[in-house]
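Please find the structures below.
One chain, subunit A, appears in both complexes that follow, with subunit B as partner in the first and subunit C in the second.
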Partner chain A sequence: MLEFDFLTPNRLDESTAILEETGGCILAGGTDLIPKMRNDLFFAPILVDLSNIDELSFIEEKDDQIVIGALTTHQAIAESALLKSTNPALVTAAGTVGCVQTRNRGTLGGNIANASPAADSVPPLLVYDAQIRLLNKAGERTMPLTEFLVGPGMTKLESGELIHSVSFSQLQGAWGGAFQKLGVRNGMAIAVVSVAAAIVLDASGKVSDTRLALGSVASTVVRSPKAESALIGHEPTPEVVSRAAEACAEDISPISDVRSTAEYRRHAAIVLARRVLEQAAAEARGRLV
Partner chain B sequence: MTEETLTLGKSELRKDAWDKVTGAAQYVADIPLTDLCHAVIVRSPLHYGRILGINKSAAQNIPGVLRVLAAEDIPGNKIFGPLLQDQPSLAIDIVRHLGEPVAIVIADNLETARMASELVKVEYEPLEPVFDPGQSLKPGGPRLHPEGNLAAQFDIQDGDIEAGFAEADVVLENTFSVPRISPAYMEPENSLARWNEDGLITVWVSSQHPFTDQVFIADALDLPVEKVQVKSAVIGGAFGGKEDSSLAILAALSAWAVRGAVRIVNTRNESFLAHPKRHPALIKMKLGAKRDGTLVALRAMSHMDTGAYASYGPAVGIIFTETLAGSYRIPNVHFETFVAYTNSPLSGAMRGFGSPQSHFALESMLDMLAAELDMHPLALRRKNMLRPGDKMFTGVVVNDTANSLPICLDQAEAIIKRFSQIEPAPGKTVGVGMALAAQSMGLGAKVPDDSTHRLEWSPDGDVYVHLGSPDMGQGLAMAAEQVTAEALGLPYEVVKTIPLDTLTSPNGNVTCASRMTYMVGNALIDAADRLIQQLLDEAARMMNFPREQLSYQVGRVVCPDGQKVDAAEIASRVADDGRTLQCESTFSFPYPEETTPQHLPIGMPHVIFCFGAQIVRVEVDPEIGNVDVTHLVAIHDVGRVISKPAVEGQIEGAVATGLGYALYEEMPLKEHQQWVDSFTEYLIPTTKDVPLNYEIIILEVPEASGPYGAKGIGEIPLVPTAPAVANAVYDAVGVRVKSLPLTPEKLIKI
Partner chain C sequence: MKSIQATFEINGHEVTLSSAPNRTLLEVLRQDLGLTGAKDACGGEGECGACTVIMDGKAVNSCLVFIGQVQGCSIETIEGLSGNGDLHPLQRAFVEVGAVQCGYCTPGVIMASKALLNENPHPSDEDIREGLSGNLCRCTGYVKIVDAVRIAAEQQPRR
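Up next, the complex of A and B:
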C-alpha cells in the first residue's frame, strides 16, 4: 500500500509554510499524480493538497493582462467567456483534455507542472508569451513559461514553491488564435501532435506579430522561430502559410513511440501548423478594419 | 411477427440491472469473507527462460506471509489446459512468456503479499524468445514444448484447387495480418477460494466454465470433484477471455495450502500479460474468379500465434479455417492453417473465435476482386452468396437461414445509396464500404455439447431457473427467464434465475460459441413442457380427477368442473410431501449423422451459421490519414428476437469492439521488450469514437432447430466491422490496408 502523509492547508500562506517546512509534493486535481503513484512511477512521502485554496482558482482581467490561477480546472477554462474572447486557442485546448471527469478535476497548474510535451494547455499559453508566477514562503518570482519548462517532467519549480498563476497580455488589433490537436482516437486522446498559433496583422494585412507552438514533437512544448520569421512582414497567403508551416519541421525533433512514429509526427505537425495558421489568419483578417 | 407473445421479443428489465447500477452486485472482488487472505502472483520477467532456482525464504519470513508456493507445492496435476494439457499452473523449470506465474505469495493482507512477492528470488537463465508463428515453426529455433511448436494444423480441401485456378480469368494474391487483441473487459480476472473444515473447497469464479474449473481444481489438488464447489459470481464481462481456469486453480491451491480463504485479483497489467487474447495471424490468400465474377478457387495459408500455451487455440484454428470462405459458394478450396506456439502472451478464446481474422482477409479480397473486375462489390457478393441447399466446402448443406443473405444485400444496397448521397465534411474524403459475415454456432461436430438446465416451481408461485451455465453479463439469465415465462404462459417477473453452483446446479456446459440462448432456450422449453405435465400429474393425484381431463392455463390447472387451482398451491402440497416440483432437461447441440460430414477432424464441421452485413461510411482526412466512421448500419439475422434490448446491446457492444479492431487496438512489443499492457497505450474506442449515425436492423429468419426460431448473436456483430471499414477507407482514398489496425500512418505517403 502507498503510505504517505496527506496535508490539506486552508490558506495560501499556510500552504507555502507547509511546503517550506515539509518539502512536500503538491497535489492539485491528482489526475497526473495519482495514476503515477498507483503505477509505482512516482512516490512522495508527503502530499500537500491544494484543493481548499480557493484563491488559486480564478480567471481575471487586470489592465490588459489575463491572469489564470493555478487551481483553475480545464472545465472552468473551457467555459470561460473572458478566455473565449481573449485566448480562444486555450479554450479549445482545455475542451480537448481527457474526458469530462478529467477536465473537472485536472488543473492548469498541474498541467504545466507535470511538464508533459503533450500538455494541451501549454501551446496556447506559449503563443501568448505567458508568464508564470511562482510563490514560496519567502516571496515570489515570475518568469516566462518557456523558461519554466525544462524537459519532460522537468521544470524550474523549486522545493517549497508553488505555481500561483499564469498571465499573458491580450493581443491587440487584428489578431487571431487557434489550436488543433491530433490524437489516435477522438475521446480521451493524448496528443500525437498539437499546434497553437497566434497571428496579428497590421493595417495593410501583413503579419506584424506571430507565434507558433507545437506539442508532442520535442522534449517540451516548443515554439517555432523558423515558422514565425517566415511569416513576419508577409501577407499570410496560402503559399506563405504553407512555407511557414514547412519551416517548423526544423524546430522540432519528434520521436517514435507506441502512439506514432517520428516521421508521421513530423508530417502531421506541418499539416496541423498550416491549418492552425490559416485558421488564425482568417480570424485576424476578420478583425481588420 | 404478428402473433401475440407474452414476453418474447419485448423489452423487459434485467433483474440484475438495479444491483449493477447501484454497485450492490457482488463481483468476486466484493464478496466478503472473514479471515480473508490475499495472494499475489510472482510472474516471469522474461519472455523465455530456464528457472535455475526459487528462493522463497526472504518472502516467507515477512510477518503476515502465510505461504509461498511454487510448482512443487501442487499436490496433484501441475498442468492443465482446456484442449491440450500443456500449461503449468505455476511454471515448472521453464518460463515461456512474460508474466507467466512462477510462484504465489499468500499473506493476511494484500500489501504484505505484494511486498513479499517482490522478495521471492527467482534465478533465471534467459533464453532467446521467438514471437513470430512462422519463424517458430522453422527448424533451428527454440523448441517451446516437448511435442514441438505446432499446437494444431488443419489442411482442408474441397474440389480441385489446381483446376479451379486454371479455370479462373482473374487471380489475386495478398497477405493480410491481424494483431493481438485484448478482450478488455471491465473486470480483470480473479478468483476467491475457501477451504472448509469438512474438507470441501468453495471457489468463487468470474468464469465462463465453472464446471471445467471444478475438474481442473480437483485435478490439481488431487481431490474428488465432489469436494470442489465452484460458484459463479457476477461477471464483469468475459468475451471468451474467461474460458481460462488459471486463477481458479491458483486460488483453490492457496486456500488449500493455508487452510483458509484466499482471494486473487489480477491487476490490469497482469490481465494484459497473462490472460488469453485474440490470435494474431498472418493470412496468405489467393482468390480466383471468372470474368463474370463467379468465384472458382480460394487458397489460404495461415499462421496463427497461440502464444506460450495452446488454450483454445486449436479450436480457434478450426473456426478460422471454416470461415475462410465466409458466406460464399466457392467450389475449389484448399486451406492450410498452422496454430503455432511462440513466446507471446497466450491467445485463446475471444469473441469471434477465428472469424474476425478470416473475414478481414476474405472480405478485403472480395472488394479488391470487385475493383479488378470493375464490378460493384455488392453485385460480386450477390453473385456468390450461399443459398439454402448449397454445399459448403466442409460438405455441410446450408439450411434455410441463408435466406437472410439476400435480404442483407438488398438492405445494404439501399443503405449504400443513401450513404453515398451524404455530403462530405469540408476537407474530408468520404468512402462507403461493406462486408458480409458468417459465424458458426456451437463447438463443432464430435465435441460433446450437452447443456442441462432445471426449472423449479416454488410454493410461493415463482419459477426458478437453475441455469447450468453462467450469465457473463450478456443477459443470458434474462433470455432464459423470458423463454421460460413464454413457455409457461407466466409473467416475466415471476421467473427468476438462481446463480450457478456446481454442487446444486445442473451442468449447462461452457458459456460460449454464440449458442447460449439456443441451448438454454431449447432445454428450458422442453423442461417447461415437462414441468406442466408433472404439474398435471400431481394435480390429478391430489384432486382425484382423471389426468386427461385436466388442462394447464397460465400458471393454473383447470379442472373438469371449471375450478382453477394455482400451480403454487400444487407446488406447496408437493413440498409438504418433502418433494420439489421441478424438471431438468438436456439439450444436445444437433449434429445429425445423416447430414453432418464425418471425414473432418474433431471439432469440424460446424453446421449452423449466423449471417449479417455491415455498411459503414467513413470520412478520411487525406492529409493526415485520420479515419472517422461517421455512419454505420448493422444488419443481423437472429432467427427470432427473444429480448430486443439484449440483441441491440450485443450488436452495439460488438460493433464498438469491431471498430477497435479496425482502427486502434494492438498489443505490440515496445521498447525494452515489454508488451503494451495498459489502457494508456492500448486504446479502445470511447463514446466519441463510435459513429453518431448508427442503426441496427434485426432480421428474423427462423432457425428451425432454435427456441422459437432463435439463433446466435453474441459474436457475429464484430466480424464484418473491420473489413467494412477497410473497404470504405479504400473507397475513400484508394489505399488498401492489409494489416490491422488501420492507423493513419498506413493511409498516407510521407
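Up next, the complex of A and C:
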C-alpha cells in the first residue's frame, strides 16, 4: 500500500483544525477507503482518523428532529429503538449493509460521503427529506441531503470540511415507512436496486404525503416525483399503488453493469416500489384511529 | 511517512508497538505479534471474514482496520481462547461435530461466533447464519458450522 501520514485528532475542534491545516482525507470505519487504497484506486498523502471522535457518534431526538452523528455505525442504527419507532426503513437498510463485521465498522457518514448510488442508508434518509450538517474550522452549513449528493462518488463536501450529522423530522399522524433491497444474493450484497417509501394518510385514509426514493437506478439515489404525485389524494388501493410503482420508471435511468442490466433494474425497481409502498401503506393504515 | 505508536490490549496483555501507518491490524497481528490465527483469504477486501477478530467486544475484519485505529482498544484473537490449554466450548464443539475441514476459515468463524454468542447467547439457526454471513467457508457447506455454534450455545447456562 502507498505511504501516508496518519493523524488522530481526539476532539471535534481539533479535527476541523487539522483538516483545515492539512487538507487531509477523512478516515472513519475504513470499509470503503481501505480496500480502495489497497487496490491503488485511491491515494491520500494524509489520513485524518475520526474514529476517536465520540462526539460524532450519537442518535438523538431534539426539538422533534431525529439527529444521527456521522460516526454512528450501521450496527448502532440497526439496533436503535428510537430509529425503529421513527424511521424503520433506515433501520432495515442499515441491517442489510454487508455483514456484521462491516456494520460494526462502517459509518453513516462514510456511507453518505462515499456517494455510491447503491448506498443503503441514503434512500430511507431521502424519504424523510433529511438535512446534512457540515462543519469546518470557520463554521458550519446545512443543506438537503439530495443537494449534497452530486453524482457517483461526488458530493458538495469541500476540503477541510467534515460531515457532522444528518437530521430529519418525524412523520406525524398515520404514517408508514419501508425499505427493500435486491442484491445478487441474500447476504453481503451491494444493491442491484433498493427502494424506500414513506406514506402518510389523512383521517379518511387518503394519502396526504408520500415519498419514494430509489437506489442503484441513476447516478445518485433519486426521488420519484411521478410515483409520489400518482398517490397523493388517493386511497392506496392495490391498483393505485401499482400505477404509482409503474410511474417510477419514468424518473429513473438505470445502467447495465457487473451486477445487473438496465432492463432488469427497471423491472425490479417497479416490483420493489410496489412492495415497499404496500408495506408502508399497511403500516400507515394500522396507525389510523 | 512517519511511523506511529499504538498501545492496545491483545488477549488481555497490553502491547505498545511502532509501525508504519499504512499497515492493517491483520498484518501487525501476523507479522509483528506472531499471531497467525487470523488469516487473509480475500486479499483484504472485507469479503471473506477469515481475518475476523473481536475489537472492543465486536467482530471486525482486521484487514479493514489500520493499525493507528487500534490505539486504546482491546483485541481478542483465536489465540486468546485457549490460553491455558483448555479448548473454549466453541472450539470443542467445532472439533466434536467436524466443523473444520481445511481450517483456513475456522479462526475467523469461531471469533465471529464468539461475538454472536456474547450478544445473543441463545441464537436461532437463522441468527447463526446471519451472524456468520460475512464468513466464507469453501469446504464445509456450513451445516456443521451451524451445528457447532448451536451446540456451544446449548452448553451455556440459560439466562
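To be clear about the criterion, the second predicted complex is superposed on the first by the 288 of 289 C-alpha atoms of A that agree within 3 Å, B and C clash if a C-alpha of one lies under 4 Å from a C-alpha of the other, contacts with A are read in each partner's own complex, and residues count from 1 in each chain.
Going forward, a contact is a pair of C-beta atoms (placed from the backbone, for glycine too) under 8 Å apart; a residue touches a chain by one contact, two chains touch by 3 or more.
What you see is a predicted model, and the numbers here were worked out from it, not measured in a lab.
Chemist: Which holds for A:53: it touches subunit B only (first), subunit C only (second), both, or neither?
Modeler: neither
Chemist: According to the stated criteria, A:271 is in contact with first (subunit B), second (subunit C), both, or neither; which is it?
Modeler: In the superposed model, A:271 contacts subunit B only, not subunit C.
Chemist: Which partner does A:99 reach: the first (subunit B), the second (subunit C), both, or neither?
Modeler: In the superposition, A:99 contacts both subunit B and subunit C.
Chemist: With the two complexes superposed on chain A, say which partner A:6 touches: subunit B (first), subunit C (second), both, or neither.
Modeler: In the superposed model, A:6 contacts subunit C only, not subunit B.
Chemist: Taking the superposition on A as described, I'd like to know which of subunit B and subunit C A:263 touches: first, second, both or neither.
Modeler: So A:263 only meets subunit B here.
Chemist: Give one of first, second, both or neither to describe whether A:182 is in contact with subunit B, with subunit C, with both, or with none.
Modeler: first
Chemist: Hey, is it subunit B or subunit C that touches more of subunit A?
Modeler: Of the two chains, more subunit A residues are contacted by C.
Chemist: For A:31 in the superposed arrangement: first (subunit B), second (subunit C), both or neither?
Modeler: The answer is second: A:31 touches subunit C but not subunit B.
Chemist: Quick check on the output: what are the common subunit A residues between the subunit B footprint and the subunit C footprint?
Modeler: Common interface on subunit A, subunit B vs subunit C: 1, 99, 186-188.
Chemist: Mind pulling up the subunit C residues that touch subunit A in the complex?
Modeler: Of all residues in subunit C, those touching subunit A are 1-2, 4, 20-24, 43-47, 49, 52, 55, 58-61, 63-66, 68-69, 71-72, 112, 115-116, 130-131, 133-135.
Chemist: Quick check: in the complex, which residue numbers of subunit B touch subunit A?
Modeler: 110-111, 623-624, 626, 628, 663-664, 668, 670-671, 676, 678, 680-681, 683, 685-689, 743-745, 748, 750
Chemist: Under the touch definition given earlier, write down the residues of subunit A that touch subunit C in their complex.
Modeler: Going by the criterion above, the answer is residues 1-6, 8, 27, 29-31, 34-35, 37-38, 47, 49, 51-52, 75, 98-102, 104-105, 186-188.
Chemist: Can you name the residues of subunit A that touch subunit B in the complex?
Modeler: That would be residues 1, 39, 99, 182, 184-188, 190, 257-261, 263-264, 266-268, 271-272 of subunit A.
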